[in-house]
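In the two complexes that follow, chain A is the common piece, with chain B as its partner first and chain C second.
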Partner chain A sequence: MAARLAIAKQAGGVVLTLSGPLNAEGAGAVWEAALKAAAAKPAVLRVDVAAVTLWDTAGVTLLADIETAHGGAEIVGMDPQIAALLIRVRAARSVPVRAAEERRFDGLAMLKAGVQAAADGVAFLGEAVLALVLLPWRLRMFRLSDLLRAADQAGVKAVPLVLLLGSLIGLILAFQSLIPMRRFGADIYVASLVAISLIRELGPLLAAVILAGRSGSAFAAEIGTMKVNQEVDALITMGLDPVTMLVLPRLLAAIVVMPALTIVMDFAGLFGMSVVMLGDGIPLVAVGNQVTSWVQAGDLYGALVKAAVFGAAVAGVGCRAGMATGLGPEAVGVSATRAVVGGIVASIVLDGIFAVVFFRLGL
Partner chain B sequence: MTDARAAPDVITVTGLSRSFGQRVLFRDVSFVVHRGEILVILGGSGCGKSTMLRMLMGLLAPSEGRIAVLGGDMAQADVALRRKVGVMFQMGALFGSMTLLQNVMLPLEMHTDLPEMARESVARTKLGLVGLGDAAGLMPAEISGGMAKRAAIARALALDPPLLFLDEPSAGLDPITSAGLDRLILDLKRDLGISFVVVTHELASIMAIADRCIMLDKAAQGMIAEGDPRVLAESSTHPTVRAFFRRETAGEKP
Partner chain C sequence: MPDRQLPRLRLRDLSHSFGAVRALDGLSFDIAPGEYVTLLGPSGSGKSTTLALIAGFLQQDAGSIEFDARPLHRTPAHRRGIGLVFQAAQLLPHLSVADNIALPLKLRRVGRAERDAAVTRMLDLVALRGFAERASASLSGGQAQRVALARALVFEPRLVLLDEPLGALDRQLRETMQQELRAVQRRLGVSMLHVTHDQAEAMAVSDRMAVIEAGRLRQIGTPREVYENPADGFVASFLGEDNRLPGRVEAIEDDVAFVRLAGGALVEARDAGVLAGGACMVAIRPERLAVMAGAMAADMGDDAVAAVLRESSFRGDHLRLVLDVAGITVVVKRPTVVPLAGLVPGATLALAWQAQHARAVPLAL
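Here is the complex of A and B:
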């Protein structure tokens, strides 16, 4: 059901006759036409509402809008109850709207905020190092159960995913390199190519990406929720150090589990590669010989060091994002996103630095 | 003003029970909410006030019994019934990514054919009715707790529901803000003829707004009192009810 509007021109004026249900459901049909007639500002405007069957505040708001648009409209045929409501609505709308704070683009402020964020990051790094140094005096605050829980969450529970992704990556790498290599009769070198790229580079890097996606975001969300619920403030007021209590267990857990995850990833990748090689008709013993003659122990050790550092970076970025969580419903989500993006970027940048350092050291 | 307002009772609860697993929260609770009255559900912590409200809102199914809200079954509430019922949640539950005006405009946009200018105008009216006419452009994060509750009431009022549920309107507010909110509730009842179901345990607020109240009790696993709170405070013989209204330490025998 919709309201109806009849516009009649009389001597020196206009009469708007509204009828039917003038509520939120019905008023939409006549709203614009009625306001247009009022905004034309005829000398005399009468609004006859005697035939309106249903009212609510939406309908009364329309009357108030007509009054505002015309300036001197005369409304006839209202019940006393509706007239009283109109007075309430007029009063409700008499307050001018306060302008919302303008959000302008301010390059300098953004630059300042960026520098500030970077400085905060460095400060967090300092706090974490300080907490680590002071750990012997704060052993009571460092709870082993938290460390084990974080290690379980970030490490043990990640193993199935690492196995799956590792074997798929090995499979894909081997398959894709086999196609061109076979043209040169160099099938057998696919084994060493995949093994070296997995063990030196991809193993730690992919493990770091998985850690960032699974655990970096979880760390940020956990600590961020605690921050929003003022649990972090509660720790501080109790004289406890939140970095020692919340950050260090997660940081150490990530450092411990990352080398293990890397080894799992390497083996899974080698397994995937072996499956492709077997399919190509190369016996396992040849693949094994190829891998052992090309890969040195130093490659694996270097990768494990890298993995531990990546773990520290991912966990550190995640915990820092959690500790820097702001207020409001989106804050935790923003922190979790920052943790994942920051963790992956940090791992890749560190990988580049490691590449240069290892090259200089001749490793 | 609408058909639902013609019926004598807006809510009829009969033989309502709710348990979680083995734990019985309350059993065999029956009461009605008359048209145009403010019914307050009160009781100590853990007595099931909030559970009762969630069942009345149709967010939780009763274990036994029946709830009729505006003549419909809230357990199978359809959109037509839901839009006749407004809810103010304890923390406001305003959508953080929208301004107050957009929060109030949302139900209008979803449920009516009003043109944009009309929706905005109606939303401004609702915000003005709750005393937030000047704050329409602000974001929920920029306003105080009391303002958030007012804005939540404005949003609940968007479709002019005949019935409004308020969960702890005075929780976490200072006495002045809380009294202002009580005033607003009474004004809305008088001017718009709205019926209210309010969950609260603020004694001052109960005395200010309640036409009737029902009291739930954890130990009794049910309703222990029903009636005008002023009368209950004067003449109830139930020890828990007396303790509640006289702020004594209930049931703790020396």
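Here is the complex of A and C:
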């Protein structure tokens, strides 16, 4: 049996008689006709629901809609339990529903967001440079202990990991290149191959990846937590510059420790490579001669400059992610992820730029 | 409060969005000099956004903020001359209590003697005399929050913003601190804007309270006005329990509406915008309802409404009764002054109220 709606015009009013099951399906069938009758606003509107056999929230919502559309409808023949449900539906409707956020792929908006993020990055760079220029006047806000703590955290505490990773990378690189090189009897050149790739490229890059993973995320999380706890706001109200107090120490610490980490990484890699070469029966003296005759001091200096720049990029991206932390407990995690991804991407992009520049300069 | 004076703070049509989310949508209100206003709303209603805009941590998308008739939007946060107290005290851990309080003056390059005098004055004000040299990390939550208040007041701001300042404290301490906040504010005559989601706290401290929801102002008025004359159903239920009985208006005389309830009883309520003959709700606060049991029920008069007791629970300072009135749940808070016999589940009770304590409201509200 389907729901039915009978509309009867009486003296001075209209009676809507609903019957049958008024569940989602039944209410849907009579919905538009019933609302149309109510929206016509007869002087008196009576809704008779005595013959309704089955109710659910949809049916009660229809009644509430009729009441809203008419403004003074009278509902008769309603069970007390259904009346109670009607009151709850009315109460639920009195709370405005916030429009659901529209999730739609919008290329232009994404492009805009990307440009905005890049502009924010440039603005942050400007702020950091400004803070650095103004540092002599703001020395009271700059805390040396913060710089040392960040350097300890990002540098000294990273040494074991750098040693482990460096020697493993040296081992793997040497081992992998030894197999094809031996076929040409060019075993000895593995030493220079690994040394050059480590010192020129992999040393600074891997150190930057480690810095991004260990410290870029930590910077973002530390500053992000301070931001969420309104500590950054508190500094701003007192007139203390958060860039000078929080960002500069971390930025400078990363710039200082990165070249050192790179050198540690290089030595560890060379050690790993030497182990493989010794295993192949090539004496250490030959390996040493090969490395020193192929690697120039300029290679190392260029790599150290790169390392310092990568450090600045990783720390800058990390601190910026922290400063841009939104509200809520999950925001800190989001910032930390952004810091790691952004730091690694920035380092690799910069490495590409360095490759072009060094090539043009003939270094 | 002197109404004719220029407002200390004037917000006009303030709007702010975070991406696609509209946090504030055309918020306007004023704060008079020396007035204590609370901004009350559920979480996510835009309270803290409003505060961040006034403090200068965010820039509004539209609208204006005037502080003593000066527009604020180009002034950086630390030049606005507004004191701020956050939920956590945010004291600098490496400084003593006195140094923390003196910090705003130090950054404003106030001389040492003047600074020390101001710190002593502030320590007296927040009842922490003798704590000057204590390390700020050794303070309890309440003490730290008092130091934060002193730090916000030490540079004699004309407006102090408080962002859920008592949120992290336990209940008893919160009540003491509410009284202290109020006392300090009265003594200094400073304007305060206090953000909270706790309606009891808002009622305890404010001259006026502004209820906001979804970035819009729902109502602003004295705690009594807002509680007894809520502008809509949201405000009514946010400020405490509110019983609602459906009925139909039979007649309106002066400002009393005679309402025929769904159960058949004819009751009186204050007219709050209903039309004779129309459907309406009788809204009434639980503490305004009187109940009688047993033989005494007959003494309540003809206006009494019959109800069945479903459950009663002891809540220390009151007895909470859940009644069934013709299928509608009604909550009654009964003071424990006069014990009442016969409050057993299933008992039939008589329910009555004074017409001026009930509101007859249109359905849509």
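The rule we apply is simple: the second predicted complex is superposed on the first by the 255 of 363 C-alpha atoms of A that agree within 3 Å, B and C clash if a C-alpha of one lies under 4 Å from a C-alpha of the other, contacts with A are read in each partner's own complex, and residues count from 1 in each chain.
We take it that contacts are C-beta pairs under 8 Å (C-beta built on N, C-alpha and C of every residue); 3 or more make two chains touch, one makes a residue touch a chain.
Just so we're clear, the structure is a prediction, and the values are computed from it rather than from any experiment.
In the superposition on chain A, contact is made by A:Ala84 with both chain B and chain C. Applying the stated contact rule after C-alpha superposition, one finds that A:Gly28 touches chain B and leaves chain C untouched. Looking at the shared chain after the overlay, A:Glu74 reaches chain C, while chain B stays out of its contact range.
Once the two complexes are laid over each other on the shared chain, residue contacts for A:Arg46 go to neither chain B nor chain C.
By the document's definition of touching, of the two partners only chain B reaches A:Trp55; chain C does not. In the superposition on chain A, A:Met238 contacts chain C only, with no contact to chain B.
Contact with chain B, but none with chain C, is seen for A:Asp65 once the two complexes are overlaid on the shared chain. Of the two partner chains placed by the overlay, only chain B lies in contact with A:Glu330; chain C stays clear of it.
Once the two complexes are overlaid on the shared chain, A:Asn229 sits against chain C while remaining clear of chain B.
Common to the chain B and chain C interfaces on chain A are residues 84, 91, 94-96, 98, 101. Chain B makes touch with chain A in their complex at residues 1-2, 96-97, 99, 108, 111-115, 117-118, 121-122, 124-129, 133-139, 141-142, 157-160, 191-192. Residue ranges of chain A in contact with chain C, taken from their complex: 44, 67-68, 71-74, 79-81, 83-84, 86-87, 90-91, 94-96, 98, 101-102, 229-231, 233-234, 236-240, 326. Interface residues of chain A, counted against chain B in their complex, comprise 23-25, 27-29, 31-32, 35, 54-58, 60-62, 64-65, 84-85, 88-89, 91-101, 327-330.
Contacts from chain C toward chain A in the complex involve residues 18, 20-21, 52, 55-57, 77-79, 82, 84, 86-88, 90, 103-104, 107-108, 163, 213-214, 232-234, 237, 244, 246, 248, 262, 275, 277-279, 326-329, 363-365.
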